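Next come two complexes built around subunit A: one with subunit B, the other with subunit C.
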Partner chain A sequence: MLEGKELTKRFGGIAALSQVSFALPEGLIVGLIGPNGAGKTTLFNSIAGAFKPSSGQVIFKGKEITGLSTDRICRRGIARTFQVTRPFDEMTCLENVGVAVINRARPVSSPWRDAAYETLRFVGLGNQADLEAKRLNLIEKKRLEMARALATEPSLLMLDEVLGGLNSREIGEAVDLIRKLRDEWGLTVFWIEHVMGAIMSTAQRIIVLDQGKKLMEGTPEEVAEDRRVIHAYLGE
Partner chain B sequence: MSYKRFYVILFLASGLFCLLPLVLDLYRLHVVIVSLFYVMMAASWNLIAGYTGQVSFAHAAFAGIGAYTSGILTVKAGMTSWLGVATGTLTAGVTGLGVGFLCLRMGGIYLSLTTLGFSEILRIIITNEYDITRGTMGLQIPPMIAPYSKAVHFFILLAGTLLTLIVVYKIIHSNMGLNFRAVQNDERAARSLGVNVIRVRVLAFAVSSALAGLAGAIYGHYLMLITPEIPSLDLQFFVLSMAVIGGLGSFAGPIIGSFALTILSEYIRAYGEYHVLVFGLVALAMARFAPQGIMGLARQFMPASGVRQ
Partner chain C sequence: MLPMALMNGLVMGVIYALAALGVSLVVGIMNVINFAHGEFYILAGYFSYLFADTLGLNPILSMSLAVGMVFLFGIVIEYTIIRPTYGNHMYSLILTFILSIVLQNAYLLIFGPYPKKPPGWVKGATNIFGDFCYGNQRLAALAAGTVLIVAVFLLIKKTWFGRMIRAASQDREMAELNGVNTALLNTFSFGLGCALAAAAGVVLAPVFPVTPTSGVPVALTAFVVVVLGGMGSMWGCVIGGLILGLVENLGAAFISTGYKHLFGFIILIVVLAVKPSGLFGSRET
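Up next, the complex of A and B:
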């Protein structure tokens, strides 16, 4: 469904991403892990068009999307959340999600408010619909971020550390939600996460990045046992 | 504010305004007409500056394009004023589309600088093309409806103001308005949700420019003399002050600001041409200490009274 071919991204002299290749099969949850600064968010940015990769290709549903603008990539069916949430502060939650609804590739026939409200309810923000986004707490902001991404009607959802700062009950809820997206909505999920327990038990495949390079890829079991991965996380 | 309430208030207010020619002397009527022109200007500038966060300094220039297009077509080509105004509006809109397309990719300070440059270039052309524009002497043009009557022109400007306010209201409450606010709040997040930011900005800029063109064209025919003072930076900063002092990004703000500053400037006119400077300073202070203008202050001190949009 999504394929990266030798993706490289340099900032000045430093290669935040070098020669990373991968392929995401449709309908799976694929985890992306790696130590801080490994290049995970940079990989998301390169896929989503936040910037153009220095070299390499991104192929989505058989078509090359490298270097397309973010909004066009979104309308092709890739949605992402931001590691540091970026709500539209001065707008209500309903309006936040409404922006995603009105810019869908397939325009809605029903009023956008209905569709936006449905999505808010799905992530558990039904009661906050008319609240300005800046009044939400961190957890609610993460949910709003998720609702907006979902409201674009993606076929691929990229989540950047949605569990950070959540307690164990909230983590459980969020993981259930993500499973539901795969099992009931048929989404493919590409998921960056530092909460190892959650991602190891949910994802079907894991890709590991370290210092901009792909260290390995495999099932959670394979990754957990790999000496290179343990080494990368524990350092020298 | 709901649609229904908006239209009720708008038509009640304009009903009251319709009585003004009966009670005001010609001088006071003139002041109201000038205020209406500024309402058109400030409300349409608010559409881009207040709702998409792009500070353009070319708004007066677009009014100038409207005024000179209509003026020249009526004088040199014998067009009727109505057709002239329509052509002027369109020309300003199309020029806005072009300028927008060229410089909105840059955004921020670059947009401000390019629009500043554009408006200076336009002023220089108008001043120097004496044969066509009569330079700083000004071009005499026919009124909207002859024989000239101030009351009739008052109604025409009132209609133009209503049209402008309705267009602005409809846009900010449409899907486009939602996109405007998203872009202003967080451009990157907006892009990631499928908003074509450049298109949103160019569209806003073009509509706003067309409305400025309409204002300038009608105003020109009211004055029956158009000079480079319409597309001047003086006028630009006057409009800016009105929108900022009234309240950027609120619907009523620019309306209040326009009336307040036009009437005020009549009173202090006696003290020389410094009033634009004074307003500029007040606007700066407001932008720093009360960025939501008079409307923001009203909201702060009368939270219960439902002063919102």
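Up next, the complex of A and C:
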């Protein structure tokens, strides 16, 4: 599905990411964890086209996408959300999602309004469709961000700390939604998360980054017991 | 004298608003300040003169062709000069400034220093409320300008193209992540901005003939209107344009024509002193 080959990203003299290789199998939820500054978001940015990796390759569905422009990568089928939500504040929720619907690769058979409304209803924002995005609260903004990502009709969804700032009930709802995306929509999910309980119980595989390098990869159980991981998180 | 000055103010206000919408669009979506905006305005006047006067085409057809040509010219300029400067606003500022000087001198070389005036669309004058006679050409300019402004509003607020423009001007990166091809959008928006300058140009050229440098005060006024109305606000452009047109013409009528442009700047200073973000501008966050 998605493969990274020896991805390296340098900012000046500092390697935020060095020689990271990984492969995501289709239809799984794969977690990406690591202490702050481990290079998780840098890895996401290198994949989604926010910047070109200094070296290495990104292969998506058998084709190289390294360094393609963000909008082209989006139309190939990769969507992402941000830690801090960034809706188009001055537009309604429907219009927010509409932008993604209009631009997706597959020709839109139904008018964009219907498709956008359908997506909003799926994430539970059906009643807020005509509300300006700036009026939403945090959890609603996160839902909108998710709706926008889904409206691009991705096959790979990259989530960057979607659970941050949510209470335990909201976390439960969000995790259910993510599971539903995998099981019913057949999406592959690549997920950065600091809420360990949620990611460990949901993801089928976990990749651990530390100081720009891949520390290990394995099932949640293997990761939880690995001495290097415990060391990276807790120190000596 | 008052109704006459009001009418003049209204006509100029609408043209200012149209020119300012072009500036505002380009600033809002691309973060590029196009110093050559006035030269695109003049170019359309010259084109319209060439098509209508020299080739003898129908005035409406000439104007449409002129706006279309300036749109294409704008696209070429974006592709060749502006695109390489993305990421550094200073370069595009300097380059468009140079472009304006180059164009002014090209016009001087090609068309000469004397004013060129495309033929009017209508003749005669209309008696307004039995009060005074007003040139039909100016009335037509007012009507055409109003129609064009409404068309721009519909384009931005109601079409999918407009929604992409609004999305990209609010958060460029996020728009790209939602599949918006912002490079292409930039090219089109710049062309559209130039076409709006051109529209103002062809509408006003039969009233105020064009000379190589007569675009300068128009562009300057358009920038004033954008700042007055508030960066990025379309309503700001319209209201700001009308205020400026009315104040200039009322001032010229009742105080002195010599100070015509001074009144506009006084208004600008007052507004900025009271509300630094402009009439409709939102505070920078």
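One rule holds in what follows: the second predicted complex is superposed on the first by the 235 of 236 C-alpha atoms of A that agree within 3 Å, B and C clash if a C-alpha of one lies under 4 Å from a C-alpha of the other, contacts with A are read in each partner's own complex, and residues count from 1 in each chain.
The rule is short, and it goes like this: contacts are C-beta pairs under 8 Å (C-beta built on N, C-alpha and C of every residue); 3 or more make two chains touch, one makes a residue touch a chain.
Bear in mind the structure is a predicted one, so any value in this text is a computation, not a measurement.
Colleague: Putting subunit B and subunit C on the same copy of subunit A, do they fit or clash?
Modeller: Partners clash after overlay.
Colleague: For A:Val84, select first, second, both or neither according to whether it touches subunit B, subunit C, the two together, or no partner.
Modeller: It touches nothing on subunit B or subunit C.
Colleague: Could you look at A:Ile230 and tell me whether it touches subunit B, subunit C, both or neither (first, second, both, neither)?
Modeller: neither
Colleague: Looking at the overlay, what does A:Leu138 touch: subunit B (first), subunit C (second), both, or neither?
Modeller: Once the two structures are laid over each other on A, A:Leu138 reaches no partner at all.
Colleague: Kindly classify A:Cys74 by the partners it touches after superposition: subunit B alone (first), subunit C alone (second), both, or neither?
Modeller: both
Colleague: Which partner chains sit in contact with A:Arg148 here, subunit B, subunit C, both or neither? Use first/second/both/neither.
Modeller: Both: A:Arg148 reaches subunit B and subunit C.
Colleague: Touching subunit B in one complex and subunit C in the other: list those residues of subunit A.
Modeller: In subunit A, residues 48, 50, 69-71, 74-75, 79-80, 82, 86, 88-91, 95, 98-100, 102-105, 112, 148, 151-152 are touched by subunit B and also by subunit C.
Colleague: For a test of understanding, state which residues of subunit A touch subunit B in their complex under the given definition.
Modeller: Per the stated touch rule, the residues are 48, 50, 69-71, 74-75, 79-80, 82, 86-91, 95, 98-100, 102-105, 112, 148-149, 151-152.
Colleague: Taking the touch rule as given, give the residues of subunit A at its contact with subunit C in the complex, in rising order.
Modeller: Residues in contact with subunit C: 48-50, 69-72, 74-75, 79-80, 82, 86, 88-91, 95-96, 98-100, 102-105, 112, 148, 151-152.
Colleague: Write out the stretch or stretches of subunit C touching subunit A in their complex.
Modeller: Residues 160, 163-164, 166-167, 170-171, 173-183 of subunit C touch subunit A in their complex.
Colleague: Quick one: in the complex, what on subunit B touches subunit A?
Modeller: Residues in contact with subunit A: 175, 178-179, 181-182, 185-186, 188-197.
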